[in-house]
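Dumping the structure here so I can ask a few things about it.
For clarity, chains are labelled A, B, C, D, E and F in written order, and residue numbers in each chain start from 1.
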Amino acid sequence: MKIAVFPGSFDPFTKGHESIVRRALPLFDQIIIAIGINAEKKYMFPLEKRENWIRATFADLPNVRVENYTGLTVNYCRSVKANYILRGLRNTVDLEFEKGIAQLNKTLATEIETVFMMPTLELSAINSTIIRDIVRNGGDASAFVPSAIDLKN
Amino acid sequence: MKIAVFPGSFDPFTKGHESIVRRALPLFDQIIIAIGINAEKKYMFPLEKRENWIRATFADLPNVRVENYTGLTVNYCRSVKANYILRGLRNTVDLEFEKGIAQLNKTLATEIETVFMMPTLELSAINSTIIRDIVRNGGDASAFVPSAIDLKN
Amino acid sequence: MKIAVFPGSFDPFTKGHESIVRRALPLFDQIIIAIGINAEKKYMFPLEKRENWIRATFADLPNVRVENYTGLTVNYCRSVKANYILRGLRNTVDLEFEKGIAQLNKTLATEIETVFMMPTLELSAINSTIIRDIVRNGGDASAFVPSAIDLKN
Amino acid sequence: MKIAVFPGSFDPFTKGHESIVRRALPLFDQIIIAIGINAEKKYMFPLEKRENWIRATFADLPNVRVENYTGLTVNYCRSVKANYILRGLRNTVDLEFEKGIAQLNKTLATEIETVFMMPTLELSAINSTIIRDIVRNGGDASAFVPSAIDLKN
Amino acid sequence: MKIAVFPGSFDPFTKGHESIVRRALPLFDQIIIAIGINAEKKYMFPLEKRENWIRATFADLPNVRVENYTGLTVNYCRSVKANYILRGLRNTVDLEFEKGIAQLNKTLATEIETVFMMPTLELSAINSTIIRDIVRNGGDASAFVPSAIDLKN
Amino acid sequence: MKIAVFPGSFDPFTKGHESIVRRALPLFDQIIIAIGINAEKKYMFPLEKRENWIRATFADLPNVRVENYTGLTVNYCRSVKANYILRGLRNTVDLEFEKGIAQLNKTLATEIETVFMMPTLELSAINSTIIRDIVRNGGDASAFVPSAIDLKN
C-alpha cells in the first residue's frame, strides 16, 4: 500500500495545495494531509478550522485523510506507515529549503522518499503567507482558496 | 496623469531607495513614497521620523510625495489613482518574493502594473536590515542613508 | 520625449514579449522593438520574417516601431535618442544575466535606465527557446505567439 | 497502469540517474528511460552504447525499459501511454529550466504530470557534463557511473 | 600573523561548521570562532554551553580559539587584529545574504577580506536551524554535531 | 608552502580577476594563474596574448606565476604541488556551477580545498563574456580590464 504524507501548516490551505493533492492522488493509494503543530509558532486560523476546511475540500475523495501531528515528520510518517512525503515546489527559495529538509529526512529515515510537484501556471503565485496578508488587510482572498473554504467564517 | 506608488516600510529609507526614486521619476508625473503600516511588525524608527526623513530627502522635488497607509497596497493605489507600483530589485531572493506579490497584485487589480528597477552597482549591497544591524551595534551607517537623514537624531 | 528600446533576438517574438510591450507602452511616448543582429549566432527564423511578424502584431499601435541593429545596445539607444531600455524578467537565471548587463550598461551610458517588467502568470512559462524546440519537433506552438504570427509560413 | 517516462540524453547515464530511477520505481508499474535524439546536438557517446549501458544497469528490473525517441516529449509519452514524466532536480538553475518545461508540457498535454525527485546527498554533485569533462581530460570517472558502465569501452 | 574570525551564533555548532574550520585552518595562523551575541535574538542553547562545546571540539588544536562578542563583526575583527572573516556557503539563499554582508563589511573596513568555503557533499544538508527543529521535536540529532557535543546535556 | 591555483580561460583577464588575485595573495605563498586549454572551445584572444597580458598585470608581484595547462584541474594542481584552488563567485548561477565542480574536485582529490572570494561591489558586474561582447561590437572595454592590458593590440 502506497501512502504519502503531505505535511504543512496550511494556514490556510490554498488552491495550490488542493491542486497538488488532486494531481498526485493517482500515484498513491492514500494521501494523508498532515497538519504539523509547532508550539512555538502562532497561527492565524485555529487548528480545528484548518482541519475542517481541508476535510470539506476533499469530502468527495475517500483516499484523502486529514490529520495533525507533533514531532518529526519522518516519525509521523513511520507511525502511519507512509513511505512517501509529498511536497509542492514553487521557486528557488523553496528549493533550497526543501532540498535541505529532504536530504536530511533521507538520512533520518532512508526508507522514506520525498516526491515533488510544481504548481500549475495559474496557481503558481498563491501561497498561505500572501493570503494571510490579504485577510489581515481586509482584502478578499476567496479566489485563492478552495471553494469549500470560507475564510470569513 | 501617471502616478506611481513606491511602497515599503523604509525603516530607514536608504540611499538605494533614494536612487530608485530619482532614476524613476522622469517616467512618472508623480511618485508617492508610501510607508505601509503593519500593526504586527515592530519598527526601529518611529513613523513620523521616517516620514520626515523622506520628505527632507526630496524637499527639492515637488512631484515626490510621502504618505503612509494601512491595508492592501493595491487598494491604496486605487485610492490615490496610481496605476503603477515601483519596486527595487536587488537579488534572486528579492525576485522570488516580488514576483509572487506582483503577479498576485495583477490578479487583485488588473489595471495596476509593477515596474522594477535595479540598484546601481555601488548601492547594491545596501538594505534597511543591514543598516538597522549597524545602528543596533553602535556602528556608523551614515554613508548608507541620504544626507538629509541623521540616524542619531 | 520618452523613448524605450526593447532589445532582443525575438526568434520568434512571443506572447510574453507582446504582453510586456503592451503593458509598458503607456509609460513611454514610443517603444522601439529592436532586433539585435549578432553575426556569430544562428537564428531559426530569417530577420525579415521576424520583423514582419512583430510589425503585424503591433499594426494597431503607431507608437511601436520595429527596427534592427548591430553593435552595442547602448550605442543603438543613443542613435535613436532612447533613454530607457525595457526588459522582461522571468526568473532567477534571467535576473543574474540581466543584472550584469543593466549595471554594465549604466557604466557605459549613465543617462540610460533599464526598466523591468515581469510576465503575467499565464505567460510566465513561454520563451523563444522552448517555442523553437516545439517547432523543431513538429509540434504546434501557435498558442505561444501573437495571433498575427504564423510560424508555419 | 502507471507508466512514467524518464527522458534525457544520458550522455552518459550517471549514478545520479540510476538512483532516481530505483527510488521512483515503486511508485510506477513501469519506467521507460527514453533517450531523446536531437539532430542538432552532438553526443560524446553513440546512441547504441548509451542504450546498452542503461539496459545493462537495469538488467535485474523487468519493469524498467530503455527506448529512444525524436519529437516532443509529451507526444512520445502519449505514444507509450505514459501519464507521468519523471525528472531529477539538483539545483536552482535546474529548477528554473524544469519549471518552464513542466508548465509548458502541462499546457500541451494536461493529462501528463511531471514528478520530481532530488538526488541523495552523496550523488548531488554528479552530472553528465562534468563526467564528459573528466573523460575528455583523461580522468577516471568510473566512480560516477553505474558499475555496469565501462566508459572506456 | 594571519588571523581569521569565523563568526556565527552556533546554536548549536554543527559538523558542517567543524569541517569548515578544520579545512580552513592550514590557511591561517589562528582561527577565532566568535559567537555573536544579539540581545534581540533568542537562543536554544545557553552561551556558556555553546562555548564549551566548541572548545571541547577543538581541544586538540591550540590555534583555534573560542570567544564571544557584541557589536559589529568588523569592529570585533579589528579588536583581535584579524584581517579575514571565514564563512561557509551552502546555497543560493546563503549567497545573497553573505554577498550583501561581505560587500558592506568591505565598505566598513577595507582591510578585512571575507573568504568562503563550501561544505563537503555529505555535510551539505546540515544546518543549525534543522538541528534545533530535530531537538525540539524529540529527535536524535547527534549525527549532525561534532562528537564532543552532547545535545542532551 | 601554500600554493593556490587560480584556473580559468581568462578570455580576457578582467579587473575582477585581478582584484581576486591581489586580495587573496596574502593568504598564499604563491598563486599560479593557470589558463586552461580546452581543444573544443574557441577563444577570442590567442593564448600567448592572454598569458602576456596577465604577466604584465602582475609584473610587480614575484609570487604570482602565469601558466597554462590541459587535462583535469586537480591533476594540474598536483603537478605543481598546489593544495588550494582559488575561485571568484559573483552570483547564484556561478554558485551552482562552482559548487558542483568544487564538490566533485573534492571527491577526485581530497587534499585540495577550494577557496572562494566575492568581487568588490564596483567590480561585480564585470565578466569576460560581456567584455568580449563589447569588443565584438566595437565598444571600448578598457575600463574593465587591468591597465596593463590593451585589448586593441
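Heads up, the rule we're going with is that a residue touches a chain if its C-beta (ideal position, glycine included) is under 8 Å from a C-beta of that chain, and two chains touch if they have at least 3 such contacts.
The shown structure was predicted, so the numbers you read here are calculated from the model rather than taken from an experiment.
Contact with chain A and chain E alike is made by B, D.
By residue number, more than half of the contact pairs of C-F reappear in one of the listed pairs B-C, E-F or A-E, namely A-E. With centres taken as mean Cα positions, chain D sits 29 Å from chain A.
In whole angstrom, the spacing between the mean C-alpha positions of chain D and chain E is 39. Averaged C-alpha coordinates give centres for chain C and chain D that are 34 Å from one another.
Counting partner chains per residue, chain E shows two or more touched chains at residues 91-93, 96, 99, 103, 107, 121, 124-125. The set of touching chain pairs reads A-B, A-C, A-D, A-E, B-C, B-E, B-F, C-D, C-F, D-E, D-F, E-F, using the touch definition from the header.
On the side of chain C, the complex with chain F involves touching residues 40, 70-72, 75, 92-93, 96-97, 99-101, 103-104, 107-108.
Contacts from chain F toward chain C in the complex involve residues 90-93, 124-127, 130, 134, 136-139, 143-144.
Residues 91-92, 121-122, 124-125 of chain F are the ones touching chain B in the complex.
Taken together, the chain B residues at the contact with chain C in this complex read 2, 23-24, 26-27, 83-84, 89, 91-92, 95-96, 98-99, 102-103, 106-107, 113-118, 120-121, 124.
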